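Below are two complexes that have chain A in common, paired first with chain B and then with chain C.
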Partner chain A sequence: MNTISNTSAALSVVNIGADLFADAIEAQGFAVTHVAWRPPAGDQHALMTLLADPRVNEANKIAVERMLSAHPVIVDVRPAHEVISALQKHKLLHAGPPIEWERMCGPMRGAVVGACIYEEWAKDEPEAVALADSGTLDFEPCHHYNAVGPMAGITSPSMPVFVVEDKTQGNQTFSTLNEGLGKVLRYGAFAPEVLERLSWMQEVLGPALGRAIRRLGGVDVRAIMSQALQMGDECHNRNKAATSLFVRQVGADLVETGRSSEETAAVLRFIAGNDHFHLNPSMAAAKAITLAGANVPHSSVVVTMARNGVDFGIRVSGLGDRWFVGPAQYIQGLYFAGFGQEDANPDIGDSAIAETSGVGAFAMAGAPAIVQFIGGSPADALRYTREMYDITVSSNPLFGLPSLDFQGVPTGIDIRQVCRLNMLPVINTGIAHRLPGVGQVGAGIVYPPMECFEKALSALAM
Partner chain B sequence: MVIKARVKRNTYFDSITLMKIARTLTAINGVEDAAAIMATAANLELLKEAGLTPFDENAGMEDVLLVVRASDEDSAEAALQSAEEQLAQRPGFTSIDGDMGGQKQPRSLEQALQLLSDARLAVISVPGPYAALETDRALRAGLHVFLFSDNVPLADEIALKQLAQERGLLLMGPDCGTAMLNGVGLGFVNVVPSGPIGIVGASGTGIQQVMSLIARLGGGVSQVIGSGGRDLSEEVGAITTLQGLRLLQEDEETEVIVLVSKPPAPAVAERVLEVAVKGKKPVIVIFVGADHAALENRYGNRIVVTRTLAEAAQKAVSVCGGSDITTGTWHIREMKAVRAVKTARAGNQFLSALFSGGTLCDEAMHLWAEPLGAIYSNIPIRSEWRLVEAGQRVEGHCAIDFGVDEYTRGRPHPMIDPSLRLKRLQEEASNPRVGVILLDIVLGYCSHPDPASVYGPAILAARKQAKHEGRSLTFIISLCGTEGDPQRLSVQATKLREAGAEIFTSNADAALRCIEILR
Partner chain C sequence: MNTISNTSAALSVVNIGADLFADAIEAQGFAVTHVAWRPPAGDQHALMTLLADPRVNEANKIAVERMLSAHPVIVDVRPAHEVISALQKHKLLHAGPPIEWERMCGPMRGAVVGACIYEEWAKDEPEAVALADSGTLDFEPCHHYNAVGPMAGITSPSMPVFVVEDKTQGNQTFSTLNEGLGKVLRYGAFAPEVLERLSWMQEVLGPALGRAIRRLGGVDVRAIMSQALQMGDECHNRNKAATSLFVRQVGADLVETGRSSEETAAVLRFIAGNDHFHLNPSMAAAKAITLAGANVPHSSVVVTMARNGVDFGIRVSGLGDRWFVGPAQYIQGLYFAGFGQEDANPDIGDSAIAETSGVGAFAMAGAPAIVQFIGGSPADALRYTREMYDITVSSNPLFGLPSLDFQGVPTGIDIRQVCRLNMLPVINTGIAHRLPGVGQVGAGIVYPPMECFEKALSALAM
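Right after this comes the complex of A and B.
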């Protein structure tokens, strides 16, 4: 038979579906590979069209090449209103996709109250709530201004922010400074000590870091992350190595530009006392990486994943600024002593930008220590990373993982493959208490709702 | 001696990868030394020490710099080219890669092709709503497709078959049960010797009947191309059947072509038969249940039109000159075997035929309609004989196809899972008005591994019960299979015969035997 027998005498077969058919072919002595198939998600015709469309592959290549070329460097620390001009009185940025005050979860409401008192728009909680109830406050996602904030992500005009610049594309991205663990604004706390700390960060920490970084001529976040990934961090739930590397880089300049040794010591002590200090610059860097891949027509690469504690939202390169949302999920993980599932808030924060850029849970193979959070073993860490290659366009050679033979982290989530394989991106994350101000109660892994990807898939196919 | 360099701007590779690449370059003829570095100040200094300067390129610490010192321009160029190619190789890494405990079972067709790069065919049996996507992927990857799935939207079938046709590929299905390409049996298929008879058909069990009987008659089969139940409809226009016909016409190993189908849409039949008659090879056509006289009138002088599947098999074998068996003698031989079984006449009693193969059911009903009258069925040959639901009981002859949707939704086909048909067999057997029960049993790959062990005891018990009640009850088995099948025809036949059933390897003969008993 010309189209068949000319190429090979015996046909090798791929079997998709019932293994009965594969067994029968094997019994006849022929080679057959059985696919571990599961039903794809989303509209099948949309998926079929997009998988067959060469423009999508081409666009994804461009988007991911841009992501891989991004070179984020911390260039400054400035008050948010100076670098985000829209962020003025009565405007607050929050984590995740857009949400109204009425629908906000406990920790985010607490953070809004705290920010209002901190900005002196209200003197206490009742006044702050009244202000929010009156509709005076203007809420918008951090992502709309290329900013990112962990947990509630509330960013107010006076807060100092890291200014990260992508030296390749020239974009600037921003993130607040990490307050540490325990009672902190990002978990919705607004007790006096929380507000005192915020004031100190505004008056002392931010300016000190800004002076040191400007003098240093910038801190190469990409290089820090690259090294941290080989030192046991995944740059989302574990930031010990990156924080240490950061201190090593800025230490001398902090001293030389410091206003007093007491003040500099306090700054260094604060950073050293918070293993997650570098989470925020890593997030801004991740934002810079994903932003580089945004707005490529036809591209099916995810450039934003973010949660506000109620909704999970994604944005896709070829679909501009549109959010595709579904309900935020509960996190599977370990709880700190005295807390349990009933205390947990659904998934919250902009920190999933880490996974969107290829680190975080996607780099779990480089951070075996943290798999204990999900009761896993180092082998599970390898598996989490390896699986993500199936839903990503490429790998990032800048972020090589020793445990995977220096293969780069999986980068550029393709909504087509997420739906095709019915396999969601995995996210490492902290668990926030559902009530304002209690703080972190555990950590673990979480997945986005498939709905986000299904909606985006249909939109891209239109 | 020349020194040439090339810069990849704003690209990062780790030093180990770069060193590995550099090492491969030094193996190239004419290359004396080579370096691949991130162009940091320290690395540029090393180049100088290695005698890999000067060159006409400027590179900074964000860039990859490739430098080659070679005996001549061409060697240097070849080395740089090779380095660039190696850098460009950032292959799609997936979970199935690597020796580090990655899963070995692919999650998608594309991953499967990484493991089996010479694959030429995909067998797809996922649920209908998902089948189009997998088929589209397989065709675009250059694979022929055997698509077992049913409930695939008609529009998808048409679009996919057009895609296959454009790419010179075969899409067998949807709802294709049987095929055999280059000796690989696909789906529900019997083990037959290779030989000069090519089969193209839209009916799975119809094809199985023809290929099994060809083997029984000493003939052999070259290729079997299934087209799927709707291929010969007006809408699909026989895309696969026509492709298959042409392939068989060109295939060197095929001397005779058998075309098996239920009656096609008239315009489609016309188109298909026009192609059939234009070829140089003899074509035997069995359109089960079609107006034989009309076809015979129109095409009889150019192609062989047969009434039954058995006849088609027989004609194919005799056209090849492989056998001197003619219709008459063969039938007589089969009937002689039957005569050994002592049976009672079942006048005034009803026939209950329980089929797993739709085409076999259809063929039998057409043979029965004239001598027996009304045959009630869930796939009736006349609309007034339709059973509103298959479970409905009527006072009369009935023939049920257990392969239709209502019996297969959420459970395996009756050729694999006999439970529903077995239950019905017991009900029919206890009905005093039923005198003859016919079952088809289809052997081959994918079918039940030992159907006689299931039906044998049931038949034995039913006959015992009937005897106890002083009734006559005859079991007729239409046994489709070959000696080469995993279940072995002779083993199955012996077991069923021991249970007291009459065995026929031709479905038509089994049907005719029922008439003989009932009249």
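Right after this comes the complex of A and C.
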């Protein structure tokens, strides 16, 4: 829609919404002021009802206050089955909303195969596939156990996991240990080197970190993230500062509790060699933050966004454990040399918990260097963060961004505002190859499908 | 000066230079566009001569190209007397331009006393003062030996120093190891705890770092600074990222070459506990960068800015080893609780080598969080960097700032532009208490005295 006012000598035009009107008028030589506007998404009656309902505002306030009060601390590293008691033989956790073996994408199937060999439930790929085909394996989302896993997110009983405790609410959340880049299980690789690394992580890395962290009395992951957000990380696709701060904090205790200097040096070298090592504890912390805001009746705040490589699912505070699902999207970004869009798997992983908690792409204003990795300019990074204030309930003063005069990151996505403004939460993410085991082929920006929010909106209004 | 044009209905005023004219006109209700302008500084004939001399531009190009080509790498940590052969019994190096014992400020006198006791040239303060009073001690600037020291900068023969080698030019530069905050020698403290720490640094920290760095084959300090500048450091008063990256890089080799896990843990804990640990290697690297640009005939590029707490001195590429000196200034900034301007010593230390090389306050656009420490707003941090492009010859593409679309830091201060624009290089710095041993009492912004540049300008034109 546009308005032409011709009260003075020159024609001045304000165009609202679709660009094509503005373009047509500009082509005729007139100045046009463009106002971004899109019609609201979802059921309009449900939207009006929820926007007018004072209980929703009140519930959102409570949900976000709880999120902002969360104080996640890494308290231990333990084998997953010790802290997630349901995770026993033939059970695997995966990223995103529920999905059956038959519908899983390439990287997730590869990771399942790898996990079966790693757990010695199968001796090779054909045996693992047969096991999965036979229905013997029990698949469930990581999120159902307050766990989160990047990319395929496959978590099996013997894998060591970070145990993060919310010192305010008392909840525990979990995430696996980051394997690094290249051929890794989370991208569906199960070559011998991948399985050897996983065994070393189980036997050496996990126990060493567990000893050091217990001796330290915990690592304040919220404090690390808070500092890292002032050091160019956004705690999703840039984790260089957080990883460095983590090494710096645990180094001396790793040495003092190490079984040998050889082992300790290997542990330090492994962590130091992986700029993304701290992604996983940041994800568990983000899970702790969002979990704190879950299950507030009437609240329209999003507490989960997760993808399994086929479906994108969200969960909303006032709607309990229900998933609202739509198709996972393709990522717009930069590809590594030799790869292109035809290689890409749709959006995958639990790492969008970062954005759900207020970091990741929501904090990109503090991480301008990330555009070298995901594309765009530093100005885009600022814009992404600024836009997200329009669809969030509050901001997190503990996660202040220097480039925005220390304003806190936008926190608490409100499905009502997403639908009203027709503006989706922005996510930055790695791009997985669609075939198992190739690994990361790029990184970029992706959005959830709007239908997740539309479905949740209707459900909340019922 | 200002211009009033009254050709249209409304009066429109452009004011150039002094604010008071603009203020007076604004007070009368007219709109004023203010253009910052100050009359040039220094001898105008000398300035015109040098601006018109093509040899100066050519020489500056060479000087700055050499600076940008410098590749400083930490290759070792050794006792100072092993790498600076002139540094033997009763000789001490100090920050800034040359100064005699009688004119030294409180913190520098305290550091001299501490160094004499540490070296066992005196058993206590009275003996040390008597030694200094007797003329037995030989004082010389750190810079005369390509060394740099923060604050008092006192460097004695037994102190371990970082050995930084410029892999392009082959020069070696040196700096002591950072003691941390609180009671420390560089602020003039010589209490038993200060001397005990210095002994531990000599016996444990220095040798441990030397072994690890030699085994690593060197630590690329330019690469660390380049990353740190994208992680919120400006490599002078914010060194958190660089310190973390350094620990991360040397950790495993410290473990593997350590004499015991107890000692290695103590070394890691000491470095991890000091956000400014990497200031000193960054200073030695900055010295290597500026040294590369020194001694180019006709060049008007500044290659040294240093303060001894009484005098501020600069040296210029085309003027060899001559110092051009003026009074050290007081710092505008934030004081720690319980301290105020009456406690402050004038500007002190060799750390302005940071700004001379293009980092420090020149790179503040990349370190907005620093304003919490030195005062001002993130917008000021951007402005400081932007202004410095006006008085520098080039920018350093290896030190790109994400917030300025990866533009390199302004590099190569041209005394001609400083005088022409009457715009001084900005320096951010710690504020030392004027009495020995109290330590840091704040941090802020300071400028050199213009007379350093005016004297150098006249000398270069001769």
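Note that in this section the second predicted complex is superposed on the first by the 423 of 462 C-alpha atoms of A that agree within 3 Å, B and C clash if a C-alpha of one lies under 4 Å from a C-alpha of the other, contacts with A are read in each partner's own complex, and residues count from 1 in each chain.
To be clear about the criterion, a residue touches a chain if its C-beta (ideal position, glycine included) is under 8 Å from a C-beta of that chain, and two chains touch if they have at least 3 such contacts.
On a predicted model such as this, the values are computed, not experimentally measured, just so you know.
By the document's definition of touching, of the two partners only chain B reaches A:P397; chain C does not.
Legend: residue contacts after superposition of the two complexes on their common chain; A:N146 is shown touching neither chain B nor chain C. When the two complexes are overlaid on their common chain A, residue A:S300 makes contact with neither chain B nor chain C.
Comparing chain C and chain B on the residues of chain A they touch gives the larger count to B. Judged by the touch definition given at the top, the superposed model places A:S261 against chain C, while chain B stays out of reach. Look at A:H71: by the touch rule set out above, it reaches chain B but stays clear of chain C.
With both structures placed on the common chain, the touch criterion links A:D405 to chain B and to chain C. Once the two complexes are laid over each other on the shared chain, residue contacts for A:A252 go to chain C alone; chain B is not touched.
In the overlay built on the shared chain, the residue A:T33 is in contact with chain B alone; chain C does not reach it. When both complexes are overlaid on chain A, the residue A:T290 reaches neither chain B nor chain C. The interface of chain A with chain B overlaps its interface with chain C at residues 379, 403, 405-406. Chain C makes touch with chain A in their complex at residues 227, 230-233, 240-241, 243-245, 247-249, 251-253, 255-256, 258, 261-262, 264-266, 268-269, 271-272, 368-369, 371-372, 377-378, 402-403, 405-406. For chain A in complex with chain B, the residues that touch the partner chain are 1-5, 7-18, 20-22, 24-25, 27-28, 30-40, 44-45, 47-48, 51-52, 69, 71, 167-168, 379, 382-383, 386-387, 389-390, 394-395, 397-398, 400, 403-408, 410, 420-421, 423. Within the complex formed with chain A, the residues of chain B that make contact are 10-14, 16-17, 62, 90, 92-95, 97-98, 100-103, 105-109, 111-113, 115-116, 118-127, 129-130, 132-134, 136-138, 140, 143-144, 148-149, 168-170, 181-187, 189, 222-223, 247-248, 250-251, 253-254, 416, 445-446, 486.
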